[in-house]
């Protein structure tokens, strides 16, 4: 196993074996890298696999600017802070990304872009939090029809649990750092989701729209094959 | 002010001035007292005010047994762990006590008894948690008709916030220690309630059905006067 | 229920049914929105209900500036960070807003404005913390006369509990993030309030003058009807 | 929606509509119930749906004994603390349940039983923690072949993240309360899992083998239909 | 310095130099020792200094029984869980030990015994918590007259801060583990005390009546010399 | 008691009775006030008591500048962030302020200024942390000779406990926010101090050199009278 | 690598490759196993390697009894809760195990036994905590002469950091759960050790005398070879 | 002992005895010092021991600039934020510094410089995190050959434990603050490391590459002597 391909670019050892092992594309987490490191990593991965989409997440304004200049063909999402290089894969299955409030939109955008890069179709349904239940009940059918749901909420984090009680679709919950005081930077909604009364809810790290979408895509790709 | 009446019984200084200041009856928190201390406190308060109801909360089995023997006329609630001595006041207004699950019933019983001792009428609606929303929607009218609501929930603690979005009645939320792991002994539902998206929700300590009912009774007594 | 009115403005699904369900006006939490999103939300809600007051809270300087330009008739409170559009409702009942220190004033201002928008009369009593008890004892009668009290304190958070032992008025406690070190951004006074020895105290999120005032207004509106 | 069927048995309001909404069977969480309440809930659900499997989880010794006496045909798992009544559904798809150590077996047993009741086939692979990597590498193919993986680990909680880097199968991680000191009753492995470097890992509450298996079964049932 | 006297009894190295360095007597913390280890430590210290009082704290029932048998002349306090051997020193200065509630009495008893062993006079004033302020105001003069105050409170922990605002006497606050839920085993009153608005309050570990009394005695001995 | 003097300046209710009750001067905590509010408070207190020193703590650069302009005679300490107006009282007794490291100096400066304003003499001994014990042992006599010690330390916070084992002088420990990572902003040294093996150590809030010095001065003033 | 030897005994997959990879013997953590599982694991490992010592840690009384019966030749340490089977290896190098107090002895015993099984010589120095520094200074030479030090302390956890400032020997610190209240079950001394001012201190889990001794033995074996 | 040499430079008491006691060079932690204080400390230590290397860590940009100007011969590492003055010692033994990701490089650089100043040879192996195990397995031999390993990881912190299971070399783990949300600023990887299943792992403070390298150097210097 220690002979699987990597690519050493000095400060990083790129994993060129990921697609074979997991079916997933390569990804760069830009948040603790310099713009130059992110650009160089994108370039190396793109050179190794020019026929695949490469995703960089958590790109701040400087990094997005550097990518824009270096890769004019890159698809850049400012709200979601993502950069995508190369052709998207053919989508299989479908994922619904739903948010409790308007403030959760950046996380939702990251999830939407990730879903596309990881090979599935995403649909966004924003602002259906439980303080006005009729908004949620109005979209119950769309939720039931998806192969997987990414449910995003901050503050009380109650939305994903209510959804998991309404439909049998796999639901992946994303707590967000929206809120203040006892929201504890997203710990409060995280705990709510981990303690959801409705069974079958699974949870990812705070603000981690990326990982939630990867999980959803892994499900949707499998389910979608059937159709 | 330092001349207001107290009654010194050695280990305690009973506050005989409470009714005048706040309109509330005397109460004994038995949880850190010996059975003998609770019995003696009840006896002293009852002697001072034989015409009023005296409440002891958090009475364990030994204490309830001692009270049974010493005060055969006492009203004892095993589930709610309460002992009441003396005549209940004339009730004013109405309070609904609602729970998310069956496991929240001991806290609900404590709240029901407290509501009666503090001068209002309580109605219990158990097991309407948000994992099956139709159970809650079926009782929405009863909730809207109350003068105040005590909403009790453990684990995800989502119920009170959903109620506060459904009706305009004052809602007092009680987190319970029901749950395990990340429920953190009730911290998780407490945080959910403090971060409720619906405004106007107020919260008390974990498992504190007593204090929630006091708050609800203070509201209901004022509102109920009108009727 | 899923047919109750909402208004979809792309990034938000406005809840136009709230007044019917709860008696409360519409509110926008601006803290995680762009100035443009807040302005657009205010405009949409105001267009739907031009005869009602609309409240935006947590408006930073940029947002307040944008609102000033777009809605010259708006009432803007810089200390409380609020923007109000449209005519205030006829007030019913009365609420006292009391603070432990000068530093709690921004939260108190948010509470005062919210009380007015939610249909009750607010009176402000600042700086009566327990380090100088005589300041508090001097206002005890005003506290007893209110329909509900919003008691605001940071650091040790002791004030609301002392008030709840002095008078029988419903008291809603607001911990503030004033303090440093072990104040833990407001967690310390929050815990103090949740553990108050005096019963009947209820608590809201740190710095949440808005929600405390909503709870107080819901009480005062009901009690005040009687008069 | 408020007219969906429930069954009121005094202390509980059973949700008879769950299968229609979610495809999931009825379940009773026995941990905060008396043995009598669990027996009575099982009887009521079984009477409503004699053709379906009913699951009770977290049954202590007393409760399992009471079920044994009342329902001689019940399938009881002492290690997993489960009681199952009625015929299991036809399984679709397959789930692998993998543990880091021997001490995680009770949680794994709960997951295995739940998988069967929720309509999928479970396979158990115990004791392949990362302190001896060769044990894990030896089962990599079995992990890759599953429709979903439930990965259970206490103490450092590193196993699920390593699996999610090895295969593309959806992985649901369960932290356990195994460990001492800084394991913090399962908080440490929970954090490890939420922060896994490998993307796509999703997490449930500490020791919650039940909910992880529900999530896995929801995935496997969808994927498995195809076969 | 490394030649100062110690006494090696195998499992412990007794510090025979303490009185010379600090003026304090020898003390044994029995809580993590076997009854035999505590008895043996007491015997060794008593043999080294038969003319001084030796104190053992946190003695459980078994340990107190063993001490009773071995040292018939020992003074044993069951509530405070202390054992004292040898003659008490001549007291200098005076300390007041004040509690918020009846449940704080065990900690107060430990403080009272410690004060005597550490060479000062203690006076106990129980049950003057802030929920009934008149009880506290009635004893303000006694508080002002002491050389140092040990103020003990659980739950909200508000009492010591109110005292420090009333009088200029040095006040040492002891949080207790009395309370439940968000009292967090004494963390809540500890935080209250550390954040007291009144300056000059100092704090010790939860339930540590011993250390508070040592601090108070060190002050009272110095002040009392003057008289 | 409610008739004791206060001075209402709109945003604050100044406590003019403090000296009579506690012997302490008036103080303003500037950290959550505007420069204008601090200046106005200083002016009002100074006008009421021109013969006494008035202290403002936690004055940021803007506030210190405003004070400099308004009160040219003010004594301003930039490191300690203090402003003093009016004549210092005649000192009684002596306090030693000792720090573990150079980084603790700002807290030490605040303590030194406070000691002078509260009527005692302060001596500063910096940088004697336990990583080089000989530095501490070299000053042991100076520590033993003081009436009270303020011991300041961040990171491991071990210094004050070692001092309390060396000398019998009352020691007040101040944890500082110096450190990173697991220092948790001062929580780590706070816990160390609260758990000190040496008895008699008392503790104040993180970085609270002010309150520690007030406590020390209250002790030193009483002890010092004798001389 | 996936072909390295393991031994499958149903509930466990024993790692028979450890000695080759790491030089360490096999170990069984008994704390979450039944006595039968521990006995069976010991038997299997002993059968595979009859010439090596096998260690079981955290054996409760029942498990130690079962081992005594099954393996009459086993060396059992009741205080340290260990069981050793088979011949000890030839020791290389030397380790000193030092404790702050008598209460830390069980952890020290676990470390002493582990050191022997892992191939080095252990020497125990108990009860030299920093509250009486002369006790520690008296053993400084023994500390300097060791190849590695295991320093064990609860409550304030200050001892290991002071040692690391005194000598250049590698020091491994073990926080213990000795203490109460803010000791937080060992979190307080853990934080003290992680924040030690003296550099080069490394830390293990609370009460983990085993892992500390493994680390110390790995060092001592390497250093000791030289002699 | 209290006569060992120190150098008093007003704000600091430099420990000139360290090399004699511990074999370690002098070090300055610049993070809470002004640039001028760091420069002055470097100058004083360098004057006392011109023949030894002096290390300053945590030097921000301003401090590094000041050092550059004052000491043109200084070796400055911008990524590692270190300044070194004077000749490096002859290295003994070897240390491998390994990181899980690119983002851990600043901590690794601090460790590399420290290793050199503390007298050993460092080798850097970056970016071999467990999400792609083959990258780690490819360097296993280099890890086994070192005298000590410093293993650095953020987010899930799983790498050091996997290494400690692969090789018998002493491993010192450094958690980093890389990550977001539930990484809790490095608390999550710290807990993972403290709970590592593989025995013998020891841990230092978050981001503390310095102390880890000191510990590794102390080991390597002893082992390396032999060669």
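As written, the chains take the letters A, B, C, D, E, F, G and H, and residue 1 is the first residue of each chain.
By definition in this document, a residue touches a chain if its C-beta (ideal position, glycine included) is under 8 Å from a C-beta of that chain, and two chains touch if they have at least 3 such contacts.
Note that the coordinates shown come from a computational prediction; the quantities given were computed from them, not determined experimentally.
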| item | value |
| --- | --- |
| Chain located farthest away, centre of chain B as origin (C-alpha) | H |
| Rotation in the CA alignment of chain D with chain G, degrees, nearest 5 | 90 |
| Inter-centroid spacing, chain H versus chain C (mean Cα positions, whole Å) | 51 |
| Chain A and chain D: spacing of chain centres that average the CA atoms, whole Å | 26 |
| Separation of chain B from chain D, taking each centre as the mean of its C-alpha atoms, in whole Å | 36 |
| Chain A-chain G separation of Cα centroids, rounded to whole Å | 44 |
| Residue numbers of chain G (touch at least two other chains) | 1-2, 101, 131-133, 137, 165-166, 181-183, 187, 190, 194-196, 205 |
| Chain F partner contacts - residues on chain E that touch it in the complex | 1, 21-24, 27, 137, 147, 164-170, 172, 190, 194-195, 199-205, 210-212, 214-215, 217-219, 222-223, 225-226 |
| Touching residues (chain side chain A, partner chain H) in the complex | 1-4, 6, 11-13, 15, 17-18, 29, 31-33, 37, 175, 177, 185-187, 190, 205-208 |
| Complex contact set, residues of chain B against chain A | 100-101, 129-133, 155-158, 161-162, 164-166, 179, 181-184, 187-189, 191-198 |
| For the chain B and chain D complex, residues of the former touching the latter | 101-103, 105, 126-128, 131-135, 137-138, 140, 178, 180-183 |
